[in-house]
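Common to both upcoming complexes is chain A, partnered first by chain B, then by chain C.
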Partner chain A sequence: MNLKSLFKKNETYLLLIVIVFSIVITTINPVFMTWENMFDLLRSSSGTAVLAIGIFVVLLSGGIDVSCTAIAICGQYIAINVLIASGVDNIAVAFLISIGVGLALGAINAVFISIFNLPTLITTLGTSSLFHGALLEWFGTKAINVGNIPDSIKVFGKMNILTFTRPDGTQYGLSVFFLILVIIVVLTWFLLKYTMIGRGIYAIGGNREAAKRCGYNIRKIQFFTYMYAGLLAGVMGVMHLSLIRYSNPNYIVGSELSVIAAVVLGGTRISGGTGTITGTLIGVALITILEKNLVLIGLSSYWQQFFIGVIIILGVTITYAQNKINERKGLRAA
Partner chain B sequence: MAEVFLEAKGVSKTFVGVKALDNVDLTIGKGEIHCLIGENGSGKSTLIKVIGGVYRADSGSVKIEGRELHEHGMQTIETIRAGVQIIYQDLSLFPNLTVAENISINQMLESNQQTVNWKTIQESARKALDEIGEEIDLNERVENLSMAKKQIIAISRALTQNAKLIIMDEATSAITKEEVDHLFSIIMKLKERGISILFVSHKLSEVFEISENITILKDGKQIGVYPTSELDNDKLVYLMTGRELEYAPYIYNKKLAEETPLLSVEGLNKERQFHDINFNLQKGEILGITGLIGSGRTEVAQALFGLNKPDSGTIKMHGKAVDIKKPEDAINNGIALLPEERHGQGLFEEQSIGDNIVITILKSLLVKLGLLSQFKRKKAGDNWIEKLSIKTPTGDNPVNSLSGGNQQRVVLAKWLATEPDVFILDGPTIGIDIGSKHTIHEIIRDLAEKGMGIIMISDEIQEILDNCNRVLLMSNGRIIKEVEDSTTTTADELFDIVTRSYEEEAGA
Partner chain C sequence: MKIKLKSSKNFTLFIIMMVIFIILSIAMPSKFLTGINLQSMASQFPEFGLLALAMMMAMITGGIDLSVVSVSNFTGVIAALILADSIESSTPAGVAILLAVLAVIAVSIVCGLVNGLLIAGIGVPPILATLGTQGLFLGLAIVITQGHSVSGFPESFMALGSGTVLGIPVPFIIFVLIALLVSVLLNRTRQGFNMYMVGSNPTVAKFSGVNNTKVLINTYILTAVLAGLASLIMISRANSMRPGYGTAYLLQAILVAVLGGTDPDGGFGTVKGLVMGIIILQITQSGLNIMSFSPFFKKFIWGFALLAIMVINYLLHKYNERKRVMEMNKLKAAGQAAD
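And now, the complex of A and B:
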């Protein structure tokens, strides 16, 4: 890749923003640019990144999924309840249950979207409320405290794949969550780039009618997309649980907008067909740094909402402006 | 006839309120080059979509090599696997994907592979482009390409498959004469290998050049199949339209001219595009500009409309210099442009036909309190639908229910409705059938007679000569000749001048 194409990319600019931002924060708070703080940021934002990747895939296909957060909390709360009721203390089982729930709920989205042909925003707005309501009705509204969380989950949340010792003898490290994120990134990248179904997601996002005419099986692709997003939401549910060691069936729900904002900020087009995982990850990084550090540099947390709004509008404006420019170019090229 | 490859029998298809196909038969032999022709909205694209499995016919059957298609519901992949490649009128490309992937995608899908090999994608795309002799950056996104390049890509995509039948629904409307010639030589080679072609075009010269047999559709009915050798231009036009078309040259009414010309262009320059462009336009004139693609004619038109900023020069309206930076400025100064590339351009596909037409003149439809008069709106829309004979049961239908050629008429209506002083038409009849072309020419003449100044840009020298009183010839960005009175010359003479100057430049 040459320098010129590097500067054509959205990602390059975003990364620059992240870097400038980090430098600003570091001058105010030198602790920011330490390995320890970086690892900590990674640990707490990996779950969001996993969720964002699911939403990214859905956006690519030309749809949108605002029910991901509801699916994540369903997976988490059902898994923890089943674990406690059955007395099984195993993180793998927790993941399996949560992923199973995610796949099933994703499939329900896909049924409405691909078989009944309903608009994706309306469908997922509806199912989001439906899933969450059903969860509260059937599994209760009681939060589960640290004391009742099975040990395997707590241990998993503290597990590191790299450990360092501080001068005073205490330890810090790179969380296992990072490993999960890496696996998911590589898997998603491979799926999108090297499988026909992945290319199909790009194709239906770019021109759905043409994809149909070429012979893509649209229904299959849509089922795959929404179930994959469900699966990732399931994974995120358990990651979140072992991170905060507490389960409240009203958590996670409500954060979907800032996750979508991160994805769009990362350069994924709302209209579908265009976007990269790298962009998505940088978008998540930017939103996370923003969320965590505004207070630190002395601004009230209301500013956070304000800035997210500014970023979304800026992001959308830039995309819009670029499209305009391209349109004009297209008009001239003869 | 040789062995039959495709046989469609008794195909009917009704859309709400429109019988698009009525008991249509179509037979294509192995290695035959067959043309399907008919006016806009006669059902050509619909028949092709039924063959492709995009639409399900209400009745009738499509057989390929004796085997019936779509017995178990429609499926596009079934047609593809039976060896049929279709270039749809809207091209059906993926704007977000690269040239290479767009070209190779059909091949990947047909082979039913599960994974993607990027090296093969690049290689087969390169091979396909080499075969039709084009150079396009394989890694460019298709959305950044011009209409002509997009057509080339759609054609290459169909050629990469080892298809037994290739269907081209107006795939040559935007590409140059040279490219068409090259495509035809490829088609002849394919024919030798026993591959059949179904070709749709409104350019009758192409139809006569390439086809062996012609099936004619009219209002959704098949009205005959003729060997091309038995038809000539007039006969074909008569069969298609039920009328005989005659052209009388446009005689300019000199009384309309005023002391200061309506529009004058002085010393317009833009590096690498056009140089020293000077001309005047009087009220009531139809000024033709022609030249090969790349001669700078489109660029000049865009400069007049604020889409392409010139480096120097003056544009005057009614003798007063005007500053045109963007299309709004042009519109405010009474200049309108019908752009060359207008496939779906500026149309709100899902909105009604009527609303699309009146969108440019909403202000004039306001009544008291700034409210929109629904009555006026409907009347204005219906008026244009009738004037341009746009084929639809009602103006309330969405634009995307219209046939390709009828959508083009909506774009034309939209600009005509603004009643500009100067109207620039860049390729006013691309994709429009021969009968309606005549109608559109009559409308243009009518507007000129009422005092509008018209600039008509076209590839087709004959179209220019038939309709313009004065002609400018362009080559390599310069005006190389002005013909004061178009009745004093012939199409052949002008064509010679244009090609000679082109070759001289190329040689120099």
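And now, the complex of A and C:
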């Protein structure tokens, strides 16, 4: 790969923006560029990244999923309630329950989208309301305080895979969440690149009719896509739980748009077929820095929503303006 | 074929509406079928009814407008600030209201223009463009107010949201007038006709001499203005404005538009169907309220209703297709027999 092709890629520009942004923040507040802050950012944004990868896969297939945050909170809240009710204190069980819920709810999405052929945005808007409404109506609305959260979940949230000691003797480190993220990234990358079903996701996103005629089983691929997104949402639900050590059935829901924004900023086409995991991760990094570090440069949190809006608009404008210019060039050449 | 399908869709809606209305009237005549309840229903729905009209117009052109509630928040905050300020500076109420209305219209036109330019000018898909502006406009509303609510408006402004004329709530009258205007726009004007054209097939529209860019920009300006007008009713009814108000309306607006027979892929949608969709939603909501169901159950029901309606539409469409194919086969068979 030469330099020229590097500059044609969206990811390159995005990474440059992230770097410039980081430099600006560091010059204003040097706390930003410390290992400690970086590890902290990784720890708190790994969950978002996992969710974003789920949405990324759905977008690749030419759909959209705004219900994944509702799925995540359903998985989390059901898992923690089952754990407390049964007295089981095991993080693996929590993950299993949450993933199970995620797979089931993802399958419900897939039934509507694949069998009844409904538009994905409106379907997932509907199921998001359906899932969250059902959770609050039948599983309760009470938040679960840190005192009632099983120990294994709290321990997991503080677990590090690398530990460093500060001069004053206290410790900080790279969270186990990063390991989960890496596993999911590698798994997704492998699925998309080396399996038939992964190639199928790109194919139906690029051109559904063509994919059908090539012999791809579209129904199977769509079921896989939405259930995979559900699975990742389930994983994220438990990660979020052990991160904040508190479970409120109204959390997570409502953040879907900023997660989608991260994926789209990462260069994934909303019409499907184009996009990379690298781009998605950089997109998440950009949104996380915006959400978590505006305070570091002295801007109040009221500006958060505004800046996210501006960044999404700028990001998509650049992408689609580029497309338009390239199209014109193509026409002129022909 | 198209006309037949259209009328049958609205007919189904009419039946659903009447059935729900009759069931609720018989089940609880003393609570549902009272003048007060009818009056309160008629003053509740116009604010999201206007948003639903906006959503329908965007959907007719094959797009969607996720920013309607944010536009309402933004214009609502501006109107609220003007009105609240007038009390402090003791500006005459009439002047303040006029100023507020003009500001709302001006700001919403700018918002719509931003959406329109992104979508038609740059070619950003409507979902993404309005997703971005949703954050932007809501963000502006939050920044302006620092997240606090604005309250305290002139007495005469309250009439807009809670006044009545001959027993009919003012918001209802406003809604009827605007719905009629939108209906005329869609059925009798070039812009309306072109909106359906662009929604059915943008390429064909373009090569038929339609200026797609202009049609789309106008459409998103219109949807934003409707959202702005909805905000006036909102702040007048609540006597205050807090950014973030009415986020549930987004789902409801989409629900009502789809329930009312609007095709989310573009090219089809009628004001008549939409109004029936709104009435169905409102009387169901009122019924659920009277039976004191929790807001969570309602949330569940709205999601369920949206999915159920789309599945029914899909099955009906499939059934009609099959019937048509069978009829054609019959004709073919008859033709062969005649030979």
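Operating definition for what follows: the second predicted complex is superposed on the first by the 329 of 334 C-alpha atoms of A that agree within 3 Å, B and C clash if a C-alpha of one lies under 4 Å from a C-alpha of the other, contacts with A are read in each partner's own complex, and residues count from 1 in each chain.
Keep this in mind: contacts are C-beta pairs under 8 Å (C-beta built on N, C-alpha and C of every residue); 3 or more make two chains touch, one makes a residue touch a chain.
None of the values given here were measured: they were computed from a predicted structure.
Trainee: Once chain A from each complex is brought into register, does chain C clash with chain B or fit beside it?
Mentor: Clash: chain B and chain C overlap once superposed on chain A.
Trainee: Is A:118 contacted by the first partner chain B, the second partner chain C, both or neither?
Mentor: Second partner only.
Trainee: Tell me the contact category for A:205 with respect to chain B and chain C: first, second, both or neither.
Mentor: first
Trainee: Contact-wise, after the overlay, does A:30 reach chain B, chain C, both or neither (first, second, both, neither)?
Mentor: Touch partners of A:30: none, neither chain B nor chain C.
Trainee: Now for A:126: first (chain B), second (chain C), both, or neither, which partner does it touch?
Mentor: After superposition on chain A, A:126 lies in contact with chain C alone.
Trainee: Mind working out whether A:216 is in touch with chain B, chain C, both or neither, as first, second, both or neither?
Mentor: first
Trainee: Can you tell me whether chain B or chain C touches more residues on chain A?
Mentor: It is C that touches the greater number of chain A residues.
Trainee: In the overlay, answer first, second, both or neither for which of chain B and chain C A:136 touches.
Mentor: second
Trainee: State the stretch of chain C that overlaps chain B in the combined model; pick it from 63-71, 171-179 or 207-215.
Mentor: So the stretch of chain C colliding with chain B after superposition is 207-215.
Trainee: Which chain A residues qualify as touching chain B in the complex?
Mentor: Touching chain B: residues 193-199, 202-203, 205-207, 209-217, 272-274, 326, 328-334 of chain A.
Trainee: Which positions of chain C touch chain A when the two form their complex?
Mentor: Spelled out, the residues of chain C in touch with chain A are 64, 118, 122-125, 127-129, 131-140, 142-143, 146-147, 251, 254-255, 258, 264-265, 294, 296-304, 306-307, 310-311, 314-315.
Trainee: Can you list the chain A residues touching chain C in their complex?
Mentor: 64, 112, 116-119, 121-123, 125-134, 136-137, 141, 257-258, 260-261, 264, 270-271, 300, 302-310, 312-313, 316-317, 320-321, 323-324
Trainee: Show which residues of chain B lie in contact with chain A when the two form their complex.
Mentor: Interface residues on chain B, with respect to chain A: 52, 54, 75-77, 80, 86, 88, 92-97, 101, 105-106, 108-110, 113-116, 143-146, 148-149, 293-294, 298-299, 302, 307-308, 339-341.
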